[in-house]
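This is the structure I want to talk about, given as structure tokens.
Chains: A, B, C, D and E, in written order; residue numbering restarts at 1 for each.
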Amino acid sequence: LGNASEGSSEGSLSADGSSTVYPITSKAGSLWNSNPPADDEEYWGPGQYDIDSDENLADYWAGLYGFEANDSGKPPFETSIGLNHTGVGLQKLEEGQVDIGDASAPVSAEFPDRSESELEPFVDHVVAVDAQPIMVSKAVQDDGLDKITLEEVQGIYQGEISDWTEVEAYDGPSKEVQVIGRAEGSGTDTSFRNNVLGDPDAEMEVDSRKGENQQVQTTLEQSDNAIAYAGLAFVSDQAPMVNLVIDGTEYTREKMAEPEYPLARDLHCYTWEDTSEKEAAFIRMILHPYGQQQFVEPADYLPLTDERREEELSKLPEPSN
Amino acid sequence: MSERSLQYQSQNALTVEHSPTLTGLSVVPIGLFLVAFVVGSATLAGWLGFESPLFGLALETVFTALLFASGACLLATGAASRLEIVDTTPDRSAGVGVASGFGFVAFSAIGLTASQTFGLGGVRWALPASVVGVLVAGSILFAREDFGVTVPSGLFSLLIGGLFLFDVIDPSWTFSPAGFGVTFFGTVFVPLLTIVATFVGAWAAANAFQGFGAAGRQAGAFFLIGTNAALILLVLVLLIAFIVKNGFWYAVDGMEIGPGLHFHWPFVMDGYDVFLGQKGIFPAIVGTFWLVVGAVVLAVPIGVGAAVFLTEYAEQGRFTSVVEVATNGLWSTPSVVFGLFGYAFLVPRLGNNTSLLAGMIVLGFMLLPLVLITSREAIKSVPDEYRDASAALGVSKWETIKEVTIPSAMPGIVTGVIIGIGRIAGETAPILIVTADNPQRKFAPAVLGSFEFTATPPFIVNDALLSGSSALPYQLYGAITTGVVGDDPGYGWATAFVLLLVVLSFYVIGIMTRMYFRKKLHA
Amino acid sequence: MSNRMNEPQEPAESNRQSTDSVTQTTAGESQEKIQPEWTEYEFQGDPKFSVEDLDVYYGDEQALQGITMEVPENSVTALIGPSGCGKSTFLRCLNRMNDRIKSARVEGSVELDGEEIYQDGINLVELRKRVGMVFQSPNPFPKSIRDNISYGPRKHGELETGLLARLRGTDSTDREQQLVERCLKQAALWEEVSDRLDDNALGLSGGQQQRLCIARCLAVDPDVILMDEPASALDPIATAKIEDLIEELAKEYTVIVVTHSMQQAARISDQTAVFLTGGELVEFDDTDKIFENPESQRVEDYVTGKFG
Amino acid sequence: MSNRMNEPQEPAESNRQSTDSVTQTTAGESQEKIQPEWTEYEFQGDPKFSVEDLDVYYGDEQALQGITMEVPENSVTALIGPSGCGKSTFLRCLNRMNDRIKSARVEGSVELDGEEIYQDGINLVELRKRVGMVFQSPNPFPKSIRDNISYGPRKHGELETGLLARLRGTDSTDREQQLVERCLKQAALWEEVSDRLDDNALGLSGGQQQRLCIARCLAVDPDVILMDEPASALDPIATAKIEDLIEELAKEYTVIVVTHSMQQAARISDQTAVFLTGGELVEFDDTDKIFENPESQRVEDYVTGKFG
Amino acid sequence: MSNTLQRGDQSEIDEGDDRRESLLRLVAGASLGGSLLTFLVAPWLTVFFVIAFLAVVGYGWLAYQERTAKGLMFLATVSTALVLVLIIAFLFIRSLPAFGHMGLDILYTDGDFWSRANDRYSLYPAIWGTGLTTILATIVAAPLGIASAIFISEIAPPWAHEIVKPAVETLAGIPSIVYGFIGFTIINGYMMDNFGLSSIGSIVVVGVVVGLMALPTVASVAEDAIASVPDHMKDGAVAIGATEWQTIKTVTIPASFSGVSAAVLLGVGRAVGETMAATVILGNIMELPEPLYNVFGNTVTLTSLIASQYGNSHGLHREALFAAGVILFITVMALSVTAQIIEARVKRNLGGDL
């Protein structure tokens, strides 16, 4: 038994961690394992992405780093993607239990009391951007709340605003604000505090804390007075987002992609010490426009700009063929 | 004969005859309660609304009418009994229990009105409340039983009905007790109060039905206890029906049977695969299967062995009582504590990762006390005659245990194990902590195919056992908390349906096994 | 009084027990009537119980077959017979304790003082107050001796004590004390326990417990006392006390006692009924006659020890 | 052979049971020796059992007091006495079944064919094979009739069946069949069950079950058969069959039978031992003598029904 | 024909046998102890000891089946107790830092209960929440459970008995996550809509759901207790003309009172330890409800604290969760032991009859 040094199982690539990043990596992993052929238009179809290949999906991406294709149609190596939280992902990565630690907050915010050098071995790969939305219950939106200022959000989460009538854009009846947060220690919570309240350890007052983003969404859907933050992937009809107004600028869904949007956060795939060829093959797939279109956009996250993509790609080892 | 003439009571008639009047009067409130229960529950569940009339009557009118009818019937019953129009056998008093019950109702009602409606703060509301409460209790105590039972319950119904009639409480009424952050709406309160008041009335009527006295109190008590049993049945049926209704069609979607041996049940037999468009939970089912197998393999030999040792070999003493305390302690240890323990003890020692094996062991530990306790009972209940008979034939203890004791205890042991399995198969918390990793798997853990021999210790490894796995309860947890399949609520219900199907099958099989063996033994 | 067996069969009476299948035995499954092996038992005065054509079934099995007999008042009637012949079953028919056995079904008629006890609307409480019962093994409640005795009267509302009763002025502590004393004296237990009436009854010896059970039964003022092998769990000395007590009780009460000891039956009873396997009543007559000169050959065999 | 009571007391023997406190009754707590009320019982031939000065205690309570008697071979010895007098206790001393009762302590000597059975290193398996036992209520194992009978021999390695045995060539299915047949015939049960040997034994009637238990006991080929009220749970017809069987068995075996029915003792036994409350053996003699002309007054009272 | 009764002539062989047996026992004990020890400190070595143990046991089985079997069964018995010891040990060891860091504040403190930033981990709100939900659950489970027990063992006609008893048992089989699922998706929303709650999740819902889950425990343990009151004791009451209900009330229940109260205690234990339903239904905030007894408010229980924060914790935070486990464990053990003491006392007092 003892310490498995590389990954939980030989041969396969394992990732675990953030539930926010999970929709991306999980879809990527699932398709990787299915290894669709090149003529599959829906999920692979390399030609659509200016990729010149007739290989199956995983065969192609793994092939870039010299992994041999299988005759059986199976990928050169399998992937397994765990669902957990940022903290768990990073910890498992550190303990050598997984190859990739998914994180929805930077490692520095997740482990605020660690020194630079302690954080050094975490190699950061940003794979997408989540412009963390402010979401409210449908009923609140219906009562006119289509935008909210950053100060109001801060007031709500610091316990200064407790009734919706205190929010300017709201013109419905008096109603208590139900403040919903994510569990402490989750990446989503950490980045929200970091971005909105200015400190990953800032105090906040909430009415309930949900373990996962999906629970936040369900709670919004069931309530008529709630406000919450989650990931873009979890916005729904009954749990709509509202525009955030910062210094007079109203950030709509479209404008959230702009780098100035203060709640924007990067979604990370950390690797340990180096990036192995296996890890690189998988991350390269996600970083490629193919991956951004196939995995990031359907999950409602924002793809990286070309510039940032190039920068992230440059951190990966060069493909061997 | 002299001593017997001291007797203070003449003999009563050997037969009792209840007049049809009494029977008629007392059956009505019970029927009214049933109607109120059905209509009220339907209203609470939102199937009936106050906007839409029922048989041309406003819902509020229906409730008011029910209450007045019930109250009137009860008062009439009380009067008829008191005036001896009908033959009853009431006691001198309804007793302290009834008196304090109604006293408490009066106390709370006055207290609430005083504090919430008239805003009497502090404890000033307590004074009028106590006075009225004591008055009500006292007068019930000193009234004859027939009055003490019917009048307060009848008045209670009439009072509530009056509140409805004069629109003191109507569907638009609201009540927010200060500081609780809760609002009682008339839409909920009206049906709720109707059910409660008619229920009290039905209890009183059950009392009257048997002519009060000891027989009446028995009828009242049996009515309460019987209603409780019926409600529990109702809850069970509703729970199951609800899950089935929401999950069944999703779960059986795309099921194909035939031709020939072809059988495909996508939700149950497929894994999760984006590319193939499969959204099945096969890996979770297999995960649960292996968890159960592992737990059984671990717990059954230890549990049965310990049970045999404790019953057949150990002297009753300090050692056995320590083991008993430990067993009962294990039985009541919360599952999440088992999870933490597994995380601290097993995970670091089994590849430092969440794993199927860790889950098996933790669930095995949870199953252990169940197996031990039930096996012990079963072995204890093997008649000593068998053991004596065997000993008298010169057969040793161990042979007796193997050949006679354990086979005779087998039905009990098997039943215990099956029901124990049902229980652990539904456990979520420990799995969450020591086994779970990816809820969306394509392939089930291939435990059998993963054994490998190595040259270094431990010489035999099984990758599947040492990796994480999904399991049905975890799958359901995943569906609730992380929306693993996006906006697809049916997926969660279908998972719940399959989980329930698996767990309850174990229970049903266990219970039927026991019934079968009981019948066989008694035949 | 005559053995009714010889009278013409009456049509099915409507006052049979009203459980399922009350139907009179139909022609199809008509059973052979057991021919009595003895002439009627005659006695003076009214019968306390008149049992007629009583059949009892446990599920499908018949435990008693067409029992017809009349039990005279203020005397001791012994029921004897081999194990399993239905003595206990018969006894439990007389106060309808068989109602508590789910599988038991009773057909036929039992009259207490001329009133049918297997009819609708019978007041079981009243019946059991009149027909008391003492069981094979002593079964006092785990309460004080006093409470054991006052239990019945209290449940029947004849005694009230405690704060509430005192408030209402219906307190009957004194009467309770009198009652306890009277019953214990009648049961020949007073001397032994008068100084510890508030001790738990389970602390008494077996024989004392059994007498306490008799006292408890007397406290509700029954007419009849049924006893099912009341001395079988006791040692000879305790047995002797119980036997004396039974003879004493017969002065005021009708006592019906099951015993498996023929000697005991001979010692204590005025008349004896002999049941034999299969649940038939084979002979019922004066005890002396039964033991010295029975009419039935089978009874003769039984009492002389040819079997059993 | 003479009643050893009259012989001088031997010093404490070392071969008493080796449980705790084996010490001989010390002078301090010396009990009065019970004076025999009858003269010695003499018979011809060797005794099967010689019991000498046997005391049995349950915890602190003494259940048997200084029993001394010799049981002749190939005959039926009946043990009678009121309930609780220690008959069962005595019987269970003879095959050391009392070892199974934690609180029981045995002092004194019991010899089987001249060999002390209360000595260290006794082979209990062998003892119990030689001294078989049949219990009050029939207790067949919940197995087939055949398996019930072959159970003992199988466990003693005398029979082997099944695949393994067949592979090894030691299969003894035939011998098993013969054994089953022989025992069932001896127990007078063959006729009734020969066509359903593989049915569960619990399906038999009580009397059949009891005979099956006897057959099961015969299968291990004992010398002695102890029976503790073997017919008390049975109806007269089954009882009669068992009684016949006992008389039959006495031709080949030594049978010792406890009964609470004096009639039964009179019918079946050659000699009778009367125990009375307190655990004393009051008289042991030919059955006829005991019932017609006992020497002890207490026995006379007992057998004529003055008490019990 | 028959063998001698004595075994004396075999004594020499016996002695050799005895020596070999003690040796075997020694080796088996050592290898087993070794396995355990290595599993604790160096798990990769465990396999050698396990092999040794299996070898010894295998040999012992062939040579001395009875004694080997007895030894193995003894081991099984000991290991049952050992599991509990291990649980205690690991829970306590892992939680010590949290107890050390927080001192008594971990049990009770005013305000500022839980903050990762300040390393404050007071379990007070969770303890309070557990207490409150448990009280509510007991209010539901105890009377209804006892009533069901009475119904099943005393009142039900055979057909109803055949339905209700298995139904109550089946109720015990519904997994807690299913209750949680229904609570989370349906009841929470219903309470929001119909009781005007201002936030999702409330103690009262959890209390009622958990009460429903503890009900079968109460019912079945109480039923055993009630059914163990001997029939002849009840017959005694009925035969002097008490009604069935009077008999139940004044003879059966008092006689089985301790068993029934043990049933309630065990039910309370179940309620205290119930996890998943609380986790998904409650808001899980480390705050007290306001006012303290506001059952419509939101808080966290010890169990839901562990299950909801477990995944996001490390360091002292995680140790604090272990501390929550310790408190849970101690509570439940105390309840269980009390229940057993009560039951033992009854047995002693009533001479093992009840």
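The rule we apply is simple: contacts are C-beta pairs under 8 Å (C-beta built on N, C-alpha and C of every residue); 3 or more make two chains touch, one makes a residue touch a chain.
Chain labels with UniProt names: B = Phosphate transport system permease protein PstA; C, D = Phosphate ABC transporter ATP-binding protein PstB; E = Phosphate transport system permease protein.
These numbers come from a predicted model, not from an experiment.
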According to the touch definition, list the chains common to the neighbour sets of subunit A and subunit B.
E
Most remote chain, CA-based centroid, reference being subunit D
A
Looking at every pair of chains, which two share the most C-beta contact pairs?
B-E
Taking the mean of the C-alpha atoms as each chain's centre, how many Å separate subunit C from subunit E?
49
Subunit A and subunit C: spacing of chain centres that average the CA atoms, whole Å
84
Intercentroid distance (Cα basis), subunit E paired with subunit A, Å:
40
How far is the middle of subunit B from the middle of subunit D, if each middle is the mean of its Cα atoms, in Å?
54
Where subunit A touches two or more other chains, by residue:
1, 84, 176, 210-211, 215, 218
Can you list the residues of subunit B that touch 2 or more other chains?
181, 214-215, 349-350, 396, 399, 458, 480-481
Hey, what residues on subunit C touch two or more of the other chains?
125-127, 155-156
Chains that touch, pairwise:
A-B, A-E, B-C, B-D, B-E, C-D, C-E, D-E
Enumerate the contact residues on subunit D facing subunit E in the complex.
112, 115, 117, 119, 121-123, 126-127, 129-130, 221, 223
Complex contact set, residues of subunit E against subunit D
2-8, 11
Subunit A to subunit E touching residues, read off their complex:
1-2, 84-88, 91, 176, 178, 180, 183-186, 201-203, 206-211, 215, 218-219, 222-226
Once bound in the complex, which stretches of subunit E touch subunit B?
39-40, 43-48, 65-66, 69-70, 72-77, 79-81, 83-84, 86-87, 90-91, 93-94, 144, 147-148, 150-152, 155-156, 160, 163-164, 166-178, 180-182, 184-185, 194-199, 212, 215, 242-246, 249, 266, 269-270, 272-276, 279-280, 290-291, 294, 296-297, 303, 306-307, 310, 321-322, 325, 328-329, 332-333, 335-337, 339-340
Residues of subunit E defined as touching subunit C within the complex:
158, 230, 232-233, 235-243, 246, 250-251, 254-255, 350-351
